[in-house]
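Each chain gets a letter, A, B, C and D, in the order it is written, and its residues are counted from 1.
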């Protein structure tokens, strides 16, 4: 498979064209926005959190297939998770992408950090300039969780 | 004679060390100042003009031997001359130095344009960056004559 | 077809490969590649004449000054300025525009005055005026674009009154290739005594420019977009405008005298060139305009029109491709922005890059225009004298590959 | 004696002749010569990686961005900054000082506030503050120099009160070689919460610099004075100062978003780098600090102390020669200004030039200091790592020739 085929897997194009949970939340929620100034990709995230658990999420934004698919897949895995689990997922995802997560990286194999569809984004690693596209929703998630 | 010997002729050093007509005029006079911003040389000129004739001159300033000697020698030749003759002298001097005097250069051989001691400044021509030093008093003179 | 392919060997980088394919460089609107003639001029300067300029009484410094001032004269005659003193060297178009906005704007504009811009301006011709507006309470007014991607002049007459002090317009859009209506602007401005600033960043490199004929007040451009090194650009100004403009940077070289509390300025253009200037880069700029002059700017423009025309024709063969910009190559420059189906511009750039084809994707520093076009981003191919129709063909092949990767039939 | 003469072959220009003599380049305080390592780095960039930075999704642009940002990291670590983001690339020390004066000063200073300078400052650290003073009604206050050519600190305690908002001081004088009392300034400033700006144009090239140890708020320097190309320099700032500083230039690259009437800025350092930056020059700057690091800045400083000491000793043999500057080489840099009898500095430079010796003559962009020293101009020899004691001997021989040309006995 060429690296382009690996990059643009079917599941990614599917999430890009049919993003899950697109829109905004109406009830009480946390809101965060991310911007990638170098390419102009935008991502915004609403989270409903009850008793430390993410009970709902909604996304908006525009950008390349990678950033939008990453965001869509992200909402798929974080809803139903606790804040701590969402942070674990974030670290796991970033480690998979080869992004430095600082001093205290989590054990990527620990239970709870199952990435599912997101693993399709592994092909992005071969395109260093696109890694920040894949990462944009996750940086935005971290901002949101920091407000919780 | 080396070009340095030609540059620093005795008569030049003499005018540098003993400038003629140094000071300022007290009666009614024209005043003009010249500055060479690239090297900091300064030259100021007072002229007394009666009936179109330069009857007195006084100079001040500081700078290299070339600019100061040129100024001193200039006063030697312009006092007693008419404004027109002073302009002719200026053009004659500039032509000797290889300076462009515009569309209507004078005939350097015509009577009245005798440079005398000033010819000692010919050695400056071999030092292109110093030509503007020699020229500074003459530019100042032109400014002064334009006021007359 | 003007064949300039023999020039390609002057550009060492064009023989490199990218991702296993020969480099197809289609991003000259962002920055151009450099011919050996320019690289050699810069190198020779450092190897034989390097010294600081203007302040030295010695041989090396005089040679460096001659090289630097010689470059000023070359750039001046390239745009047919009446004197080298009308050229102020700067870091580039951006810094030139900031000079004008601060040096002229901050000192001559006051509350209620208006600056007229267009929606197609590059950020470099928008943000400086916004910064001045913060200090001076001036108003920015925009002309919009019509559906043929031309600046919409229908409201111009109503817009132009004595409040308008400056009209600042791009000579050629870096997104749509639209030619700015400079002549109309100059006429409109004259009627109310306003100044016209022309952002020539895309104009000067790509077509013959004559400032006396243009009759604007200021023209800015960047060296790196016309074969010269990075770090150098120019501001041309009418002598009286340059005289009335205040310096925006203080320092060495730009002074006649410095006291503890007050200073006096050197004459134009030194007044605007504080500190050690980009000396070697100016020398390279001189070599670049020599190169362009030798090719002939008419030839450059002809070649680009031909290649742009060819590109428009070939791009029309790609289903779902929309070009944002005028369709007639006579009437536009060689920056061709487009979208392709629902494939994001960034994805297009990545896919083309895998074919060795380098195009830009994004907002092209023209967010107001993106909003006007209602697109978040476009892909852009832009051409220069070294590009060929073969490269256009590669581009089109790459776009078909993008379609297939995104599951669209060809 | 540290022998660095083997480095001379890295500098192509040093093998040229001037007026029939081997070049003796003694004007490194104005600008330095460039080693092949720097020339090659710049050339290689243009030949293999040239593209615009930051805005491209393609390989070439990513490579160019890596090269540019890699240079930022090198320059940061050269002065021991804690992060590359503390380095803002600029055109040079002058443009950096203007950035600070405008970006910080214009936005945080108001009527009655004071900026403390010294009489030894370069025009680049005087005029920007005068320009801000025009807009803001601030007061400039000067520390003077004592008869040992040191900044006179006797009145410092009385001077420092809450009106003082900025102290801006040269790290090393380009005329007298005097080391600026940076540490004392930093302490004094802290007591009233003032900022300290260090003009490092002569300091950073010539001695090991550690910004964390220095603990000032801003440090500026020029690439061309430390083996790098012209057209590039840097401003280092403490992160909190860079955050609170406003951009002074608007344009591409420095924005997060641009609307028609308002914009938002990109994060530091991009906020201060409007438009296409001097990309290849930054790459050259990186190569220059690599070169200096390989030699070792301690070695550079040692070599210059030795050569300056030797020069002071030999110059003392020339009758009627006065050196303006501290006498102890430990306590000064390698810029040695002098006068010789009644021979004007310009004449000295011309005579030395005929011997192939290039020294500067004039006010050295330090007119306030010239007035303080009560000299209209001085001649200045300044040294760098490639200079030798033999060259000092040639200088002294040339000065004896000047004496004899002016009819003074030897």
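Operating definition for what follows: a residue touches a chain if its C-beta (ideal position, glycine included) is under 8 Å from a C-beta of that chain, and two chains touch if they have at least 3 such contacts.
Just so we're clear, the structure is a prediction, and the values are computed from it rather than from any experiment.
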| item | value |
| --- | --- |
| Any chain that touches chain D and chain A | C |
| Interface with more contacting C-beta pairs, comparing B-C to B-D | B-D |
| Cα-centroid distance, chain C relative to chain D, in whole angstrom | 31 |
| Distance from chain C to chain B - Cα centre to Cα centre, in angstrom | 47 |
| Geometric centre distance via CA averages, chain B-chain A, whole Å | 79 |
| Centre-of-Cα separation between chain D and chain B, whole angstrom | 38 |
| Residue numbers of chain D (touch at least two other chains) | 55-58, 255, 257, 346, 350, 361-362, 367 |
| Of all residues in chain A, the ones touching two or more other chains | 38-39, 129-130 |
| Parts of chain A lying in touch with chain C, wherever the complex brings them together | 2-5, 7-8, 10, 13, 17, 38-42, 62-66, 68, 127, 129-130, 133 |
| Contacting residues of chain B [partner chain C, same complex] | 35, 37-39, 128-130 |
| Chain C-touching residues of chain D, taken from the complex the two chains share | 12-13, 16, 18-19, 23, 25, 27, 30-31, 33-34, 39, 42-43, 46-52, 55-61, 91-95, 97-98, 101, 119, 122-124, 126-131, 133, 140, 142, 222, 224, 229-232, 247-255, 257-263, 274-281, 346, 349-350, 352-353, 358-362, 364-365, 367-368 |
| Footprint of chain B on chain C - complex, ascending | 54-58, 61-62, 255-257, 266-267, 270 |
| Residues of chain C defined as touching chain A within the complex | 342-347, 350-351, 354, 361-363, 367, 370, 376-377, 401, 405-407 |
